[in-house]
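Notes follow once the structure below has been shown.
Letters A, B, C, D, E, F, G and H mark the chains as written, and numbering starts fresh at 1 in each.
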Amino acid sequence: MRLTVYLAGEIHSTWREEIKKKSLALDLPIDFVGPMENHDRSDNIGEEILGEQPNAVFKDAAASSFNNLRTGVLMQKADLVIALFGEQYKQWNTAMDASSALASGKPVILIRPGKLHHPLKELSQKANATVETVDQAIKALAYIVE
Amino acid sequence: MRLTVYLAGEIHSTWREEIKKKSLALDLPIDFVGPMENHDRSDNIGEEILGEQPNAVFKDAAASSFNNLRTGVLMQKADLVIALFGEQYKQWNTAMDASSALASGKPVILIRPGKLHHPLKELSQKANATVETVDQAIKALAYIVE
Amino acid sequence: MRLTVYLAGEIHSTWREEIKKKSLALDLPIDFVGPMENHDRSDNIGEEILGEQPNAVFKDAAASSFNNLRTGVLMQKADLVIALFGEQYKQWNTAMDASSALASGKPVILIRPGKLHHPLKELSQKANATVETVDQAIKALAYIVE
Amino acid sequence: MRLTVYLAGEIHSTWREEIKKKSLALDLPIDFVGPMENHDRSDNIGEEILGEQPNAVFKDAAASSFNNLRTGVLMQKADLVIALFGEQYKQWNTAMDASSALASGKPVILIRPGKLHHPLKELSQKANATVETVDQAIKALAYIVE
Amino acid sequence: MRLTVYLAGEIHSTWREEIKKKSLALDLPIDFVGPMENHDRSDNIGEEILGEQPNAVFKDAAASSFNNLRTGVLMQKADLVIALFGEQYKQWNTAMDASSALASGKPVILIRPGKLHHPLKELSQKANATVETVDQAIKALAYIVE
Amino acid sequence: MRLTVYLAGEIHSTWREEIKKKSLALDLPIDFVGPMENHDRSDNIGEEILGEQPNAVFKDAAASSFNNLRTGVLMQKADLVIALFGEQYKQWNTAMDASSALASGKPVILIRPGKLHHPLKELSQKANATVETVDQAIKALAYIVE
Amino acid sequence: MRLTVYLAGEIHSTWREEIKKKSLALDLPIDFVGPMENHDRSDNIGEEILGEQPNAVFKDAAASSFNNLRTGVLMQKADLVIALFGEQYKQWNTAMDASSALASGKPVILIRPGKLHHPLKELSQKANATVETVDQAIKALAYIVE
Amino acid sequence: MRLTVYLAGEIHSTWREEIKKKSLALDLPIDFVGPMENHDRSDNIGEEILGEQPNAVFKDAAASSFNNLRTGVLMQKADLVIALFGEQYKQWNTAMDASSALASGKPVILIRPGKLHHPLKELSQKANATVETVDQAIKALAYIVE
């Protein structure tokens, strides 16, 4: 049995690489999917496909349709979602991805630094499990497939 | 036919009162529900019911269970959700409420200032409609029941 | 027991008035809901609420978000959908409304002139019943509540 | 990870072959399914299986039951639906397939020429993404599996 | 709290009247709905609405579309289904109604004479409760609302 | 807005009366439903309706079909479930009722004495909120409708 | 792409073998599953596993639980159900299997001799397609995977 | 066709090993999954991953989040659940796992000693089949894949 895990959250740091490497090192039977990690490409994908849009709002609207399309297809393939919140950025799409997964019955592990406990308390209470670090999330993954 | 609308979003300003007054002025057949708007009570409800918790994280965990319970019961009663994002606060529970509603098939109107279009682009693309002001949301409500 | 029926289809003729009158004449315990029937208002509602859009496509996109919002809320209230196809117009939103209703388990009566049987054959086969006239649809409604 | 994509829409042109070739050229991990593309066979399948029917309407009814059966089985296998609207034909079954997919949670890419934006505005607003050409749809597919 | 009960099963005897009378006598807070009980009308409804059909099979097809429409609308309103099997007739639509209800989560009481236990054993095992007489079904209804 | 609350759990003490009285004293807009509280009647209902069964196991099987029927109908009417675990009895049907509610999206408040925290830890983690006393549950109900 | 087809219906004739042979001859990519075809074993499986039961009704109840278990597991694996009605036997479990499949969104092909059109009219109208012979069902299967 | 079976229930005896061995001996095409069977590890997993918790209740809460996460992921992969009740322990999580499976449409075989029939009567009535021994459960599994 192999699992597919969707990695939701910020695309400015290398946390996905860290999870993949550590999962590989432990030989966990897990495949990872996630959003476009090239930030510029993610922001520009609407205009790349549809051509120039009238202004920044419409450029964003176009980009988000392809980003949501990608997330929609890949998350349906996932057995589990890991959503990481960091200390920067609004991260509302991370909250959206985690909540969408929960609402459709997909288990979710939340990773967030302890200092974010207050604003994330409602989402954390809904998530299946909340941890603070990538290493703890790896332990949780390992526990599932042990 | 009367509609029930859940008003998700920040509890620090008076936008809910504004919506209710304007809806009443237009005689819209709409009942409004929403989260606990007394911020202190919302933060303390866990300890108020369960007694003192070991630390701030557990106090938050306790409070969020009752806040999510309230949201869960009332949102099931709602025909429509309005989610308002302002310029302050993390507002991850607002993103969570809007996404939960969308994932379970409930129509959502997003209210957000134009300057927040970028971080909200994915959620906005999923919402049924996005507006910038309470007045525009009222027009949308009026259009539904016209 | 009262029923709520959503009347999907073209907004250029008076077929909804005809159904409502005939239902009233028969004293059927049925309330009717449906799309905005003022065509100009339906086309302009996006700009009425959000202000002028960059071009006709974006004006349409804005309008459709409020039209779909209205349909989404009202169709959830409906026990039954009647979808009428006439000989003019593309009527893809009528096909969309009928299919959405069927896919979510709501019974659908299709009204279409006999000469449209070929292009509507797949949708007709999925609908619960297909008739050719408003009078036949009224007989079907009367049969349900008899 | 391989994806299965259902190609809904007109069967009179070669757009499906174009998509398949371009997907192959890009080595995308995608399998394509779709409706019977032999138009005569699609129209006659009812009588081919059940024998002669009383008239054209019943011939259509018989054919549509097998066409819907095929679509029902294959669309359940699909991770994503691409629906193409051209400038000819009624294409109500295309609208039906796209709407059925959306209503059951399957992501949909709409392809339509710009000049059809008005009659397709409601369906376009519901679709995950709307593009104008097969090449743009291929870029969207490539973005998902990138 | 009032309940709505759908009475599925044969329309040749007066068992529905018996249930309604006994429920009334016990003052149970229950409303009853069910299929068209005028057998001729049920068989002819297709031709009554759509006009003469080519032959008996098509007459049946037309009638069944309106019978299924009625059942679909009324069963969605029901909190509970009672399905009665007698010793005559094929009663496949009774089995269909009971199974549809069960598959969509509606509780079902089966009434069948003891001698039919063998051919009904699989359906009986799926039903919430199986009884042999109308009086026993009334006792079960009374137990629910006691 | 009135809420309906299903009270799952042991039928040997008077906790339901206590909840109802306290809810009434606070004028909460809540109606309560629940299982048959007459223990003998609950155990004997199978034989009361169906007559004597071959042995104790079959007597139990018969009774449980009517008890589950009642629970199924009433729980579908509930907006919220309160499940109380005491220190006596196996209470597996209480765990079943709470889990069934959770699995079908109904919010659940768990009441259990602190000393039962260990064996109830998995169910408690799934419940929306866990409290120790009827008074705390009343506070939670009051918080929802405040 | 391979399909799994559940073959519901009578177990007294060799129609399943006929379908399997003809499918194999056409090299259709289809795997077939279905109920226990050894009639005695199907009737006795309850007592074989649980030991002697008090009487024929309880023997049937025991057997049906294992037959329904088998059907439940295998039908979940099926992409399509073929339900055959013959001229003998009550065949209520066939109607149950077909209706359960339809209610849970699985496509169904009905096979029934023309003379059974009247009692099967409602089920036939709900099925995706109705044919009269195994050969016609094979043609329908071939059309799906063509 | 291979099946995946989730083995819910007590982790203090070797019943899972017995089932796996007997399934292997019969060459049944079945893979088994289940909860963490190392009792200490199951109780301590919360603190192992998250560090020391304030007290026993919070230690339990932390552990249960990872245990429920594991169960959630693995049960979604299962085609069938076997839930074993023994004579010791509260086993409320076993009742929860069985009920969650039933509520989400997964077939369940209950294994329980005859003497537990009374407290398990409601859950037994909901389960697809109830047996008394591991050997009987193996016979049921063999019957499914026969």
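One rule holds for everything that comes next: contacts are C-beta pairs under 8 Å (C-beta built on N, C-alpha and C of every residue); 3 or more make two chains touch, one makes a residue touch a chain.
Bear in mind that the values here come from a model prediction, so they are computed numbers and not experimental data.
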Message = Which chains sit in contact with both members of the pair subunit D and subunit F?
response = E, G
Query = Based on CA centres, what chain would you say lies at the far end from subunit D?
reply = F
Ask   = Shared interface numbers for subunit C and subunit E above half of all numbers used, same, or below, different?
value = different
Query = Among C-E, E-F or E-G, whose interface repeats A-B's (more than half the contact pairs identical)?
reply = E-G
Note = Between subunit A and subunit G, the Cα-mean centres are separated in Å by 43
Message = Averaging over Cα atoms per chain, report the distance between subunit A and subunit C in Å.
response = 39
Task = Between subunit E and subunit H, tell me the centre distance in angstrom, where each centre is the average of that chain's C-alpha atoms.
result = 38
Message = From the mean C-alpha coordinate of subunit B to that of subunit G, what's the distance rounded to whole Å?
response = 49
Note = In subunit D, the residues touching two or more other chains are 65, 68, 104
Task = Provide the full list of chain pairs in touch.
result = A-B, A-C, A-D, A-H, B-C, B-F, B-H, C-D, C-E, D-E, D-G, E-F, E-G, F-G, F-H, G-H
Query = Of all residues in subunit A, which touch subunit H in the complex?
reply = 1, 3, 79-80, 105, 107, 109, 128-132, 136, 139-140, 143-144, 146
Ask   = What part of subunit G is in contact with subunit E in the complex they form?
value = 56-57, 60-61, 63-65, 67-68, 71, 85, 89-93, 95-100, 102-104, 114, 116-126
Remark   = In the complex, subunit D touches subunit E at residues 54-55, 58
Request  = In the complex, go through subunit F and note every residue touching subunit E.
outcome  = 4, 31, 33, 36, 45, 48-50, 65-66, 68-70, 72-74, 76-77, 104
